[in-house]
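Both complexes below contain chain A, partnered by chain B and then by chain C.
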Partner chain A sequence: MDIELRNIHKRFGTVHANNDISVVFPAGRITGILGENGAGKSTLMKILSGYQPADTGDILVDGNASRFSSPEDAIQEGIGMLQQDPLDVGAFTTLENFVYGRPERVLPDWQAARKDLEEASAHLGFDLEAETPVERMSIALRQQLEIVRLLALGVKALILDEPTTGISAEQKQTLFAALQQLAHRDGVIILLVSHKLEDVITLCDKVVVLRDGRRIGEEDMPAPGETDPVTLEKIKSQLVHLMFGQELGPHVRLEVPLDKVVLQLENLNLRDRRLQIENLNLSLRQGEVVGLAGLDNSGQGLTMRAICGLESVSSGRVLLEGEDMTNRSYRSFLHRGVVFGAAGRLEEGLIAGLTLTEHMALVRSGRAVLDWPALESYTSESLKHYDVRGEAEDRIEQLSGGNQQRVLMALLPANPQLLILEQPTRGLDVESARWIWQQLLERREGGTAILFSSAELDELVAYSDRILVFHAGRVHEVSDVASTTIDELGYLIGGEFKQV
Partner chain B sequence: MNVEFLNTLASVVANATPLVIASIGETITERAGVINLSLNGSLIVTAMAGFIAARVISFGVDVDAIDMIASAEAGLIGGVVVAMLVGALVALIIALSSIELRLDQVTVGFILTLLMADLAQFLGQEYTRIPGPVVPKWPVPLLQDLPLLGPVFFQQNVLVYLSYVLVIGLWFWLFRTRPGMAHRAIGERPEAAYARGTNVNRLRYVYVVLGGALVGVAGGAYSLHFKPGLSNPPAMQGDGWIALAIVIFGGWHPFRVVVGAWLFAALRAVSSDIQKNGLAVLGQTIEFNFVLLNGLPWLMLIVTLLLVSSGAIERLLLLLPGPVQRRMRSVLRSDPPRAIGTTFEVD
Partner chain C sequence: MLLPVLLSLLLAALLVLAVGREPQEVLEKIWQGAFRNTRSFAGVLNFWIPLTLASVGLFVTFRAGLWNIGIEGQILAGAIFASAGALTFDFPPELAPLQLLLQILLGVLGGMVWAGITGALKIWLGVNEIFGGMALNALAGVWGIYLISGPWYPEGGSAQQSRPFLENALYPPLSRDWPVGLLAIVMTAVAMVLVPLIMARTRWGLQLKATGSNPRSALLLGVPTTRVAMSAFLVCGALAGIAGSYRVMFTYGSFRPLVAGGIGFLGLLVVLLSTMKPLWIPLITFVFSAILAGSTRLRVSLQLDSSLAGVLQGTLVLVFILFQGLRQRLEARRGDQAGDVSQASASSQSGLTG
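What follows is the complex of A and B.
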């Protein structure tokens, strides 16, 4: 099967999300769709998989023009999409999810379905267990289930939207191996939507770059196993050039003199329902940046929340500038200049439904009666300063993810003692992430200490003075970050402390 | 076993029946992701409609008539059908306002519950405290002779048997059939249902109206058997709220819902017994304040709800061996359908 998109246009209000995009996807090839946030990747893929209709333009499947009015139509034509957050039902078991949507009779043939599921799972080297409830599965397993399910429905073209977000290095290898097998052995068309250069270079045969809704260019990728760093670096910079229209300079690590100790953790013991952290010791000095690495839910979130009073400490002490703050409220931490930024921007960090001015009022105004005009002009000013694309009277959820993150930066106090940030650049493209770090590092120069977690190893290596690696509640410190490679860090995160 | 005790159990099962039917109806609705909060009003208005329809069919419109113009069966069937239609109609208002107009389901449900209760009293005024047809007992051949089970479960009326069928039928539907999976999916994750070709909003209409129809049957069951006739204030005042609570207690699972309804009816029986006879403690009979005793089942309900929502029941699950755990999971899970109260639109 071949798929061709011809002159696809899609507008949302004044935004031209897809502007005359034409591209061919041949059978048995893995094509990367690369672009920064808002480049139009997701829109194009939603059109191709039936979630949205195009305004104009044609989808040709094996040369025949097709129109999809629903995802089901697209699946009938052999095109299926794996969403970033897989579209499964949490309350169902793996098997139920697999069966639901199949053309079964009123009473499904559970035995046959189970056999199909297990065979398909084994065929791709996956590890799916029919009776496991989906809500207890990791993103990686849910992706595997969705892939198996779509293929069982006869899908010959598989679209994956940012599939490597939130999964471990090892899980990524499994996924990529399966995708390679599907494309090169079974002749399936694989489309990988991503903003991660490493991923597309490792996996794809060809990369199509979108920018501002247009198709900017196309590059062939090196054969798998290509390891020559010079070649890889060259391809990378070409892709970056296509994505942003400019090359990003290399990041230069600034040496900031470390001053007095801000935060000290003494024999900290923490516990939540899943894991336990014992005897954590750490001292953090002014201007120091410490990164927390590890898979999701390995203890980084618990630690960061316990440090600022959002989770309780079982035993041990949290000292802030020498003063014992153990188990004090977040409010008293905030009062002392400790600010926490949660990973879930709209869940924990910002309040959906409130305008930007109202957000500003919540953190800035100490008075009972609010001076709205003053707050409004102050907000507008800081939006300009932080380069937020949005107005003071916009509600926060109307902004894109990158702009929401910028608003969060604008809401931070000017000179905090300690910033505790959970995945501050999650879901942001390279440029937005750089901008966020530029802001953070400016504050660092003013003496702010930063504690952050990240799922991106290169981000951790690039910005941290020290790294704490979390694995199932155990903590391992990497003090010499400058000589640590991303590979070594990957092993640590996987729990293989001996390799290093 | 003591005959008196078996009779008590049988009356608990019987008295729980309208609650079972109403809670099963609400479970159907909420499993589809919509909450019908109008239950209390719906029960009162459908009880009124069902009774008046049955009375008019059997005795004619004259409220003083004593001679029947049609058989009691005709009146009863007509009464239940009318109650069902009225219940479906109230539910249709909920469906239209939440799916089409995107109004808040809690607000609309609350307004309807008040409106319907008042409407029932206004329209039913003339038919208050007059006799009408009553659903007769009909012991099931063979089954009624089973030891213990027979006298408790199978010497009842058709409505009670209907409640058994509904409980088992809904369980089978939800957890064993393909359309049942779609039913659960539209209440859990409508986006996923849509991606699999399910017409989310159309199905929501179907299940909301179906659930409402059952609430109607429950209303009819009150006025045509369990609390025959109409009274002012309505005899089943408050039971709609209890049915809503039982759905939560029941973790949206038919088996637990029926246990919840029976448990509540048993508590009521105990408290009314104490009310009548006092409580014998160490040979002494203690009298209780009426108002306090009437509150007892409610208090117990709050306590059990607390236990359920604290996850205590789910923690029990962890004590069971693996394979049993898997089998019991769908029963002991107490999470609400995740998309409950939300609207769905294709973007």
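What follows is the complex of A and C.
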């Protein structure tokens, strides 16, 4: 099967999200779709997978024009998309999820389904177990399940949206090996949407770069196994050039003198349904940046929330400038300049349905009666200052992820004591991530202490003064970040504390 | 907006034909029942007052993402508290306005207590407001029955209602031709103008909206979400309390266990129909009140049960909600910012279902 997109246009209001995009995806090839946030990658993939129609333009499957009005239509035509958050049903088992969407009679043939599942899993080197409930599975396993499920539905073209976010290096290898096998042996079309250059270079045969809704260029990638650093570096800089129209300079780390202790954790014990953290001690000074590393759900989220009153502390103490704040409400932390920013921006942090001005009014207006015109112009100013692509009267969900993150920055108080940020650059492109950090470091110079988690090891190494590595609730501190390599950190995250 | 109304009228007409009557005839009778003279018009207003108060109150709780099913019990509690005042106080005639005011305040208190209990159960004990509200509805009902069969048992009467209130304890009618409480109309008008204004212009209104749309994010943005949710319950309870007190202090002149009469539940439908646009509320309640007050004549003139009016209303609401759902689907399909519309409709619904 070959897929061709011809002259695809899609507008959202004034934004031309896809502007005359034409591209061919031949069978048996892995194509990367690269671009910064808002470049139009997701829009294009949603059009191809039936989540939304194009304004104009054609989708040709084996030369025949096709129209999809739903994801089901696209799957019928052999095109399936793997979402960033797999669309499975938590309470059910792997096998039950696998059976969904299969054209079964009223009663599914469980025996046959189990056999199909196990064969497909083995074929791709996955380790799916039929009876495991999905809610107990990692993101990586759920991805594997979704891939196997889509293939069983007859999908011949597989779209993956940022599949390497939140999975370990080892899991990534498994995934990439499977994808390569699918493409090169079984002739499946693989489309990889990503902003991670390394991933795209390692995996893809070809990369299509989008910028501002247009198809800017296409690059062939080196054969798998190419390891010459000079070649790789050259390709990388070519891609960066295509993505941004310029090359990024190296990041410079500022030395900020550390001042008095802001936050102290004493023998903290935390517990949630899945894991337990024991005896956590930490002290954080003004102007200090501490990174929390680890796979998803290893305890970083729980720790960050417990520190600011969003989760309860079983025992131990949380001291803020010496004052015992253990198990106080989030609002009392907020009053003392402690701000939490969650990874899921629209779930925890921003409010879908409210305009940007309304968001600003919630955090800034001290008056009972709101002065809307003044708030509106204040918001416009602020949007300009934070370089947000959006208007004051736009609803927050109309903005792209990167711009939402910028709005969150604009909503922060001027001089917070302590910022607790969960994956502050998740899903952002290199440029936006760098901008966010520029903002954060400016505040750090003003004395703000920062505690952040990240799935990106280079981000942790680049910005942290110290790193806490979480593995299944255990915490290992790396105090000398300067002499730590990303590989060493990777071992720690995988739970191999002895190797370091 | 017009299409669903026409369709539901058509359905209603078919229904009337099915029971062997002329739709036009039924419509005429309802019209006559509601608007044949000032007294019948006052009858419409006497229904409109409590229904509008309850609906405006429910608009507030819906805004905060709360399904205040307990409104029925809050109306009843308001009626009970006001009745307690009416049966206890006996101020001299020159102080009658003071007594009236005290009784209304008691009604407000009753509604607030009942709503406050629902809110406390929800906020501090995690009891869903729908279940808590249902339980408190039942409790208020049983309490009412106890009162008329016990402490408020009328001498020589049957346990259908309490002793009739003295004249001091009643809203004075506007005039003989306009039997309606002027003060209540004024309070209703103030509520229906002031509440939407407060919602749109104050920080509290914005905080309610934020809490209703996404309580977790609202908390992180510094909104005191529990206090906000509680205040929404209390405001709604206060308005329900006024509604309840009006029912006993004017409409009936005594306490009856069925004094709330489904007004609260009808209010829920009104707010659903208004699609959270508060300016529609007084209009919708007026149409509902006219149909309800007017249909009482159906029995007299056409030997049709007045519950036909309820069926007509039900049809209207059902068809309307159906159309709303269809429209949202259509919009999501059209994919105008695909994720965005479904997000928005999801959040506008969560304001209602949340």
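Here is the rule we go by: the second predicted complex is superposed on the first by the 475 of 500 C-alpha atoms of A that agree within 3 Å, B and C clash if a C-alpha of one lies under 4 Å from a C-alpha of the other, contacts with A are read in each partner's own complex, and residues count from 1 in each chain.
Just so it is clear, contacts are C-beta pairs under 8 Å (C-beta built on N, C-alpha and C of every residue); 3 or more make two chains touch, one makes a residue touch a chain.
Given the structure is predicted, the values throughout are model-derived calculations rather than measurements.
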Touching partner for A:117 - first (chain B), second (chain C), both, neither: neither
Partner chain in contact with A:108 - chain B first, chain C second, else both or neither: first
Which of chain B and chain C A:91 touches, first, second, both or neither: first
Partner chain in contact with A:61 - chain B first, chain C second, else both or neither: neither
Contacts of A:51 with chain B and chain C, given as first, second, both or neither: both
Which of chain B and chain C A:99 touches, first, second, both or neither: first
Per-residue contact with chain A, leading partner among chain C and chain B: C
Which superposed partner A:183 touches (first chain B, second chain C, both, neither): neither
Touched partner set for A:359, first chain B, second chain C, both or neither: second
Touching both chain B and chain C, residues of chain A: 51-52
Complex contacts: residues of chain B adjacent to chain A: 176-179, 181-182, 184-185, 188-189, 191-197, 326, 329, 333, 335, 337-338, 346-347
Contact set on chain A toward chain B in their complex: 51-52, 70-72, 75, 87-92, 96, 99-101, 104-108, 131, 133
Chain A residues within the chain C interface of the complex: 12-13, 46, 51-53, 69, 330-331, 334, 340-342, 346-354, 358-359, 361-363, 365, 367-370, 372, 395, 397-398, 411
Chain C residues touching chain A - in the complex, by the definition given at the top: 201-204, 206-207, 209-210, 213-214, 216-224, 333, 335-340, 343-344, 346-348
